[in-house]
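Notes follow the structure.
Every chain is named by a letter (A, B, C and D) in the order it is written, and numbering of its residues begins at 1.
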Amino acid sequence: MSAQVTVLYFAKSAELTGLKEEELVAVPTPISSGDLWALLLRKQPRLKELQGHVVLAVRQQYVAIGDEQVTLADGDEVAVVPPLSGG
Amino acid sequence: MSAQVTVLYFAKSAELTGLKEEELVAVPTPISSGDLWALLLRKQPRLKELQGHVVLAVRQQYVAIGDEQVTLADGDEVAVVPPLSGG
Amino acid sequence: MTEEPRDVFRLSRDWLSVQEVVDSVSSPSCGAVSVFLGTTREDRVDGRKVIGLEYEAYEPMVQSQFSRLCADMRSRWPALMHVCIHHRLGWVKVGEASVVMAISSPHRHAGQQAVQYCISQLKASVPIWKKEVYDTQEASWKENPE
Amino acid sequence: MTEEPRDVFRLSRDWLSVQEVVDSVSSPSCGAVSVFLGTTREDRVDGRKVIGLEYEAYEPMVQSQFSRLCADMRSRWPALMHVCIHHRLGWVKVGEASVVMAISSPHRHAGQQAVQYCISQLKASVPIWKKEVYDTQEASWKENPE
């Protein structure tokens, strides 16, 4: 199974990629969040600068990068979430 | 020794006496705060309703009614302070 | 260029502006302003409806007690910058603020703790009184629980 | 006649009005409004002067995280009435408020505790980012300590 998802970049990650968002076609699903991050890194190598200081948000739910399995459907939003600094 | 002091009434004590303030001439000094209260009660018997629920303020310092000795000088302010309810 | 801490207590017969109280504690060295407003609840007491409150104060002693309170707070939380309290006098309709206080601090914890302490101490030690006035024309003097 | 609790989070590109935030939580059943404002300090970082902040947000997720936070707060402090947060987006000059929050409650303790919790949780869990902009034209993304 695979899905087409929209990746959203914020803050430092938008600066590193030069993008606010992009479409990823044919993302395998289910996939571990670690593998999803690795896939994003292959697409956007400059994101490596955030390694260890980033989480993802899948359908507006935070997911730490690691073994957790995520199931993706076409049209899902995956956000790259650098350290928060609101307030 | 004796002093002439201004007695200030607030809240319930002003209602009971019908006065905002009055002059007391020839108040003995030094005097215990309990005796000062007793003297005020003789002057304004309706204040008895506040007995046990009142403190005094002498020159803007709270004084519990009891054995504490206060020294008065002419022109000093003595306030009758019912339970506070600011805020 | 060091900013002098300011302690301001104003008794007011008019509607209180939270913006004015907040502005009066603003400081370029502070990242936090902690604020509290006390208002009159719509309330029924023994079947009577509270329509408002009537406040009075021993005005000069309000200022001296407030100065003592500020000195006490500044010794507990030395980081506090400015403290401002506006408190109503006279008639206050149900729903209106009777007290607005604001404290500025470089970081938020000191200011937040100080505001909680400040309102408790104000109720316990600043000579202000209110009576509740009911729709029956009756009234009764209140007593702070603390 | 029971009042529905309201949870409001607004992202705004304009100056924040503390009066507006306070008014939007007012309730006839509440005697207390607890408020917090976060502002930008005048600061020097490595000899550079901070002139302002640039904010961005994952806007729909801000709303969903805020709803979760409010549900969490209402389970901790069931007495809370209304919660309102206005948060800036885009350019915020030094000295201006970037966040204003207010919570109304019948009595003050619940609201005061909830405001402290709310600002901590907002910083930790609501997807908003800021970069500090310096007088040298440089900028750096910030990270909340909590």
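Annotations
In this section, a residue touches a chain if its C-beta (ideal position, glycine included) is under 8 Å from a C-beta of that chain, and two chains touch if they have at least 3 such contacts.
Chain labels with UniProt names: A, B = Molybdopterin synthase sulfur carrier subunit.
Every value quoted in this text rests on a predicted model; they were computed, and no experiment measured them.
Steps from subunit A to subunit C, minimised over paths through touching chains, total 2. Note: centroid distance subunit B to subunit D, computed from Cα atoms, is 49 Å.
Our note on geometry: subunit A versus subunit B, Cα centroid distance of 74 Å, whole angstroms. A separation of 26 Å divides the Cα centre of subunit A from that of subunit D. Per-chain CA centroids place subunit C at a distance of 23 Å from subunit D.
Residue numbers of subunit D whose C-beta contacts span two or more other chains: 38, 119. Residue positions of subunit B with contacts to 2 or more other chains are absent. In terms of which chains touch, the assembly is arranged as an unbranched chain of neighbours.
Contact between chains, per the stated criterion, is found for A-D, B-C, C-D. Taken together, the subunit D residues at the contact with subunit A in this complex read 38, 55-58, 60-61, 64-65, 87, 98-99, 119, 122-131, 141-144. Taken in their complex, subunit A has these residues touching subunit D: 8, 10-12, 14-15, 53, 57, 60, 62, 79, 81-87.
Against subunit D, in their complex, subunit C makes its touches with residues 17-19, 22, 26, 28-42, 94-95, 97, 106, 108-109, 112, 115-116, 119.
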